[in-house]
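Next come two complexes built around subunit A: one with subunit B, the other with subunit C.
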Partner chain A sequence: MATYRKPVSIINEAGWCGGCGHGVVQRLITECLEELGLQDKAVCVVDIACSYWSLDALDYDAIAGPHGRCAAVATGIKKVRPDSTVYVHAGDGSSYVIGLSETCYTAIRDIPITMIVVNNGIFGMTGGQMNLATTLIGDKTVSSKEGRDADTMGHPVDMLNIIKNLDVEFAARGALYDAKHIDETKRYIKRGFENQMNKKGFSIIEVLSPCPTNWKMTPIQAMEKIKNENEKMFPVGIYTDRGGETV
Partner chain B sequence: MNTDYVLMKGNEAIAEGALRAGCRFYAGYPITPQSEILEYMSLNMGKRGGTFIQGENEISSMSMIWGAAAAGARCMSSSSGPGYDLKQEGISYLSSYNLPAVIVYAMRYGLGDGEITAGQDSYWEAVRGGGHGDSRQIVLAPASVNECASLTYEAFDIAEKYRNVVIILSDGAVSQMIEKCNLPEPKEHDIDEFDWVISGKPLGTKKNKVTNLDRTIGYEASDKYVLDKYKTMFENEQRWEEFETDDAELVLVAYGISSRVCKTAVRQARKNGIKLGLLRPVTVWPFPRKAFEKMPESVKGYVTVEMSLSTQMGEDVLLAVKHSKPLYSYLTTYHIPTADGIVDYCNSVIAGDVEPREVI
Partner chain C sequence: MAKASANTELCKGCRLCVDACPKQAIIPLETVNKKGYEIISIDQGKCIGCGICYKMCPDYVFTVE
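For the complex of A and B:
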């Protein structure tokens, strides 16, 4: 029987809602860092949104980037401290909407950081507004009450399909709706940190993640929605891997 | 004699002054009239072992500065007009955790796109600005290429002393003109000098959480820290230069490019028996109120000379003298003032042909 040890990097409780995926992502990040022995070098960059909870929860030096600017903040840190392990834990509003430019240009510069983007299709911290990049057509939010309509609000966009063309080290998407996919996601995140450890380039790992509170669903319904709907628009897998493992 | 003098542009002197102060991180975006700072950094930063990044915009450049400053580097960015507007988010964030950085504002004239030529009409933005919240910055205003280098060099020490942003407030004329410059001694900065940096530290040791200060030490302690800091900066950092003020009846108040012309105007006026003097703020925040407290009894009024459409610095003069003396403003918009123009204006003031200003 396998035994599970709580990562020692987690020293405080975070305030995420029940059923939220951010806590799973934080756990995977800390497990990966500890398994690779990188916990003593870690610098955590969170966004001014739901990932912010991680700032106080972890025993790492940490900084809260201006909303959307995490990749640029991480760039500044990594350039000054090339031997530290700098990672971003941010949402899809931050990384793909207001911070689209920061994310893409950090990828274009191939800055050797590990960027973890939580794709939950919504603006969680501000109360569940539509996410221009990730809310599915027809999904109802407090700012798209009749459901997202492509004619007026445009289509969601698979950012990894764009980023994979920017000559980055690694881009992959995982999901959290079952143990198999959580394991796969962990493998991607670990790969992102290994790349940094081995002085390689920019790694981005997107995670399809539930937001039961703002989706107004039970945690199980939210997991089902990801499996049945979100994953169709945002397929999981490795999008690019300079190391050669592209699927 | 210091033989290390060179002929340089103001912008280049700012950049070289920063490099010699140990600035090893620069991120910025091109905009006239400050682009030579970015260009100089692009060529020379790598040679000093630092990082130059031409940012995709001003906002991301400032965010890179936020990260680099938190990691302990001496860092700088520079901009003008609409570009500087975009920097204000970043300045407020730097203020929120008391991170030191030096930001250069080479003023261009006008609203919106405005002109690419010199102006001093962004005084309010530089002095009152700094983004949202109670954000205050020390603002140094060089009036020569030499000061571009020396004040920028010193700005990094001041920024670290107070853990605060320092603004170098230049203008299109000071930034673009070429003159003799004595360069300061190069020095290096240790990125581990301060205990507030983020660097990646072993588990179980004290970690730094760079975010709003109130979240780390509590609202009460943070409010007190910030207010005490601003008061100390205001008390300790007022700097100015006086020229022929001992017996002056009318005192010109000007900084940057305008102050240089004012010196000529003072000399010219005095040849004709008009007792003109000049008070040149070197810091425009904190505004040198102490200088006004020491002005002689002979002073009957003040004349600000500003390249703006409305009286901007004049408001600070009225506050400094507590409205006890009349204020006049000679405003030249996008034209660099001339000594003749200043003297003529002062003659009109003395003749009673000009109304004192309150606002605008």
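For the complex of A and C:
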């Protein structure tokens, strides 16, 4: 029977709140890099947000970009160090709201990096403000106290449906609410690193993740919310795959 | 047969493993670790070594071997 052991690249304990999905995403990234033998060439680009904890926890070269600009920082690293494996571990606030132009232009330029976006529908580290792109209609946050209202605050948007039209290599969305979906997410992340190893184009993997602290729920209730509400608005699966099947 | 073991000093008391375990082999305790989180213990008699707790845990508490 299979054995499971914490990846050796994780040298420090996870700094996130109990039940946060970032810890699982960090483990999936390190497992994929170790299985592909890329851990010595890895450069981690994190964002000034919850993913920043990854800077201390991992045994990789790492840099924190200005908030939202991690895709642009990763582009620069990939241009001057084309043999390194550059990945971005960022949140949805950085990638889809504050750094939307950086994310889109990295996709348009088809830079061969792997971008992992943790979609928890909220600005986590700043205290739980509404995220224009990913907070669902009716969700209560500190900046939408009565619940998000479509008339005054607009609708959430499925960014992968936009990015898939920009001729990128791979775009997919995974979820973390059960072991099956975690395995599926790991396959997507691994595919992203394989594309980079084979010098193909831009890969983006979005992960539906819970934020129990700011959603004001227990971690188990937060997982149920992803399964019953968030996944309806943001369906999991492969959005585009230049080397294979497309949904 | 593989069995799960837990380093409960890393635990943050989120209880995701308790909910996910298919054999109800993970028991939530009221004991706290050094960080002050309520920890868990594993009923080795019920554990089948499936690794689901390892996959769900965001804090790398479990080892299955």
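Just so it is clear, the second predicted complex is superposed on the first by the 246 of 247 C-alpha atoms of A that agree within 3 Å, B and C clash if a C-alpha of one lies under 4 Å from a C-alpha of the other, contacts with A are read in each partner's own complex, and residues count from 1 in each chain.
Keep this in mind: a residue touches a chain if its C-beta (ideal position, glycine included) is under 8 Å from a C-beta of that chain, and two chains touch if they have at least 3 such contacts.
Values in this document were obtained by computation on a predicted structure and should not be read as measured data.
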item	value
Touching partner for A:V8 - first (subunit B), second (subunit C), both, neither	first
Of subunit C and subunit B, partner touching more subunit A residues	B
Contacts of A:E35 with subunit B and subunit C, given as first, second, both or neither	neither
Touching partner for A:R27 - first (subunit B), second (subunit C), both, neither	second
Partner chain in contact with A:D56 - subunit B first, subunit C second, else both or neither	first
Partner chain in contact with A:D149 - subunit B first, subunit C second, else both or neither	neither
Which superposed partner A:V73 touches (first subunit B, second subunit C, both, neither)	first
Intersection of the subunit A residues that touch subunit B with those that touch subunit C	none
For the subunit A and subunit B complex, residues of the former touching the latter	8-9, 39-43, 45, 55-56, 59-66, 69, 72-81, 83-85, 101-102, 105, 109
Residue ranges of subunit B touching subunit A (in the complex, touch as defined)	24-25, 27, 51, 53, 55-57, 59-61, 63-73, 75, 89-90, 93, 191, 198-204, 207-212
Partner subunit C, residues of subunit A touching it in the complex	1-6, 10, 13-14, 16-24, 27, 178-179, 182-183, 212, 218-220, 223
In the complex with subunit A, residue positions of subunit C that touch it	1-2, 10, 12-16, 19-20, 37, 49, 51-52, 54-60, 62-65
